[in-house]
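Should a chain be cited, it is by its letter among A, B and C, assigned in written order, with residues numbered from 1 in that chain.
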Amino acid sequence: MTATSTAAARTRHAEPRNGLGGLALGAAAAVLILLWAGSNGYKQTLVMSAVTYAMIALGMYVPYLMAGSLSMAYSAYAGIGGYAVGLISTKTGLPMIVAWIIGPIVAAVLAVILGLVTSRLSGFFLAAVTLLFGMAFNAFLIDAEGISGGSAGLGNLRSLSLLGWTPTPYQVMVGSVIVVCLTAFLLDRMRLSPWGVIVRTMRDAPRAVEAVGVRVPVLNLVALAIGAAIAAIGGALFTYSAGSITPDTFTLNVVFLAIFMPLIGGSGTPWGAAAGAVIAVELTLNFPALQASGTLLLALGVLVILLVAPHGVIGYADKLRTRIWASLRKEPHRG
Amino acid sequence: MTDLQLWLSAVEMGCFFGMLALAYHLVYVGAGFFNFAIGPYAMIGGLCTSWLVITYDLGVWTAASISIVLALVLSVVTELGVVRPVQKRSGGGELPALVAVAAVLFAIQQAAGYVFGYPTLPGQVLVTFGPVEVAGVTIQPNTILMIALGIVTFVVTALWIRFTRTGRLLRAVGDSNHAAALLGLPVNRVRLIAFIVAGFIAALAGILFAPKAGVHSLSGLGWSLSGFLAMVVGGTGSVWAPLLGGMLLGLVEVFLPYYFGGQAHVYGMLVIALVFFAFKPQGLFVRTVRA
Amino acid sequence: MAEEILLVGRGLTKRYGGVTALSNVDFELRAGEVLGLVGPNGAGKTTLVDLISGAQPATAGELTLRGTPLTGPASRRARAGLARTFQYPQLALELSVRDNLLLGRVARRHATPWQMLVRAFAGALWPHAPADDAVIQEIADELGLTGLERLAGDLTLGEQRLVEVGRALAQDPLVLLLDEPFAGSDARGVEGIAEVIRTVRRRGHGVILVDHNVDLVASLVDRIMLLDRGQVAFNGGPRECLASPEMQRVYFGSDAEDDIPQAEVQDVRS
């Protein structure tokens, strides 16, 4: 039981369980972002884009990063959230808040159905089928003109009105950022909780999870449902702030970016997904000079990170921090 | 559109999907891996050719050759620069390789958009001759080229696998990676060759198919999915299996929208994927069952 | 003094692809009893454990636990009171030792989909359960496991096996199935596991112990079952088994030289 000479890397430790560290940093970053955006309409759009991407990436966090199954159907779930807002707004007289409840539920149900149908699939096959599902959903939106408004989509959405109070665009932005932070925080705590331990074990040692008494396929479906619901909330937020939705709003591109965001930011914590979203939006939408090639930079960056720093920006920073900490404390070699 | 025209269209698409599936098949046999970047290689073939012809007024064959070389380079980079290091580092786990290849797919599409532009470009026909009249139906030259060269590709590949040393090495490595390595067979070299040949076939397919409906930087994703589906449907049993899978998809692609309208082919692909992946992942042609 | 019969297997058979791994195996496990399962490589020991735990479906035969039929997926049988370790430890390598032990303790609270959902959200609000920590610590002490914050992937194979035993113990099972728990362990590890076996026995539960080291097994069990090519060759006391002609035939006929038992058996059961 001797540690080798790479002591700093060997004596890895598990982290404390309250998720407050992440929340502190995340909240600080959020405040900075909100201050930066202020009442500038363009910057507010950027923040809302980052919020949406972050929510989709966070939605993928539970099933993909925790349970280890990659589903590419997230554009559909975000779309469901968005169209829930659109439909409730234009076709019914129900209060808008209902959309934020119905959307995630419908998305969760759909995720469970898709999960049941693909329960024996994994890896490339699962990714391909879910990708095809995303495309089929898009095709359905275009075809079902009566419901979805076809290619033109739905527009002129009503404003949310909670007990007579209608939030301003700035308040919507602030509220959305709070939702992202809250989601990341709660997911972080979920990850550290006993439930999280079971789901994370399911990824590497599913036989162990069955052997202790948890039915793996069922837990997998629960994870998928939670993820879909979160993505739907993101879609709803974006559609509400944009005021309209078309089949093109949430494309498959979004799914790819959502996979890459935890890669960029770091897959160790859900905050990595949020950080990755901010970086991705900054690169792809906020570099007017490199407008088109921002996405290219992002793609190349992902490849670089995959090869060089597989735990993303946060992971790399974290590794640096651990190494510095260890050398400061002059950790002895364990004998 | 007459029935014959529809059938021809289906066969044309069948050959295209078949070639893509063949590219998948070769990489799967040689490297045990699904190279989702095959679609973008085909896209590069078609898009780069068109762009060179349109922007720089190059001859079609020159432009096509350059494009194929570019696709080959990308294919080699995918294997040597991305897949092999990631697989080595993650101990052969499926997810990291999948994400890596998705990143490559994405990167190639974005790079193509940046360099060649985003609008759809019309495809370039390799050999121009007048449209042919058969049984009252007008057949365009690109259709003939696609079908003819598609079949030729399969014949050549089948002969290559059967009768050349490298081809048989490919089969040996495909049958069992471990045994091959133990026997001292050049596993890495065979992998690389598989990637190169696959890249060539994909690029050629892209060039031949582009004239049908044009090509743009994002075409690769749909093509990747179709090729993958065609490969799975056909199975790994024989070199000709991808063509069978491609034909089936071609029928779906052409006839479903004809009878049901709209985006029916997308639904059809999804149903086929669900059916085949869940119930018959070995496809229609079974030789070895890979665990 | 008839002890309660915990686990009964009748006619257990496993066939796949033309191979008969197990053929008509019968056994009984009483409360407070330790049953050893020995045999050369390929005899079907792990297959039998898989059939009992539900990791593989049986081709034929039935199992009952305390009189009720034992059926369904592994998770259902685990909740009914089985716990097992694996020949190659199945641990979450990226999680700490503590978390891996915790898995055994918290699993049964996540039985139904509803429970899974509720606990997901409860976990978000209250991720830490101090009551479980005490139990985990007790188990770790019993096994001689230290450094609970270490990541499971950094442990030696012997330590990983110890953790798996600890996880099984945390399930508080009626029947503990140990599949080759001693391989790669040092003396301290072996003693730790032996202590666990004694404790489980004292509590009135049962243990099925599979291992290659026949001496070690013989010193820990009440009865031994010898498997040979999928069939029961001997079923009786450890001393009798070691001296039996079946043992001579099965082991001397195989290439597994290190399985050849010695003449003397040290009885270290307490």
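The rule is short, and it goes like this: a contact is a pair of C-beta atoms (placed from the backbone, for glycine too) under 8 Å apart; a residue touches a chain by one contact, two chains touch by 3 or more.
Everything numeric in this text was worked out from a predicted model, so none of it was measured.
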Taking each chain's C-alpha mean as its centre, the one farthest from chain C: B
Chain whose Cα mean lies nearest the overall Cα mean: A
Chain centre separation (chain A, chain C; CA means) in Å: 40
Rounded Å distance between chain B and chain C, as computed from the means of their C-alpha atoms: 50
Centroid spacing, where centroids are CA-atom means, of chain A and chain B in whole angstrom: 32
Partner chain A, residues of chain C touching it in the complex: 53-55, 73-76, 78-79, 83-84, 86, 90-96, 98-100, 102-104, 106-111, 113, 116-117, 119-129, 132, 149-151, 154, 156, 159, 164, 167-168, 171
Touching residues on chain B, where the partner in the complex is chain A: 34, 36, 81-82, 85-86, 89, 94-96, 98-100, 102-104, 106-107, 109-111, 113-114, 118, 221-222, 225, 228-229, 232, 262-263, 266-267, 269-270, 273-274, 277-278, 281
Chain A residues within the chain B interface of the complex: 68, 70, 117-118, 120-125, 127-129, 131-133, 135-136, 138-140, 142-143, 252, 256, 259-260, 263, 292-293, 295-296, 298-300, 302-303, 306-307, 310
Residue numbers on chain A that touch chain C, as the complex places them: 1, 10-14, 17-19, 186-187, 189-190, 192-198, 200-201, 203-205, 207-216, 218-219, 221-222, 225-226
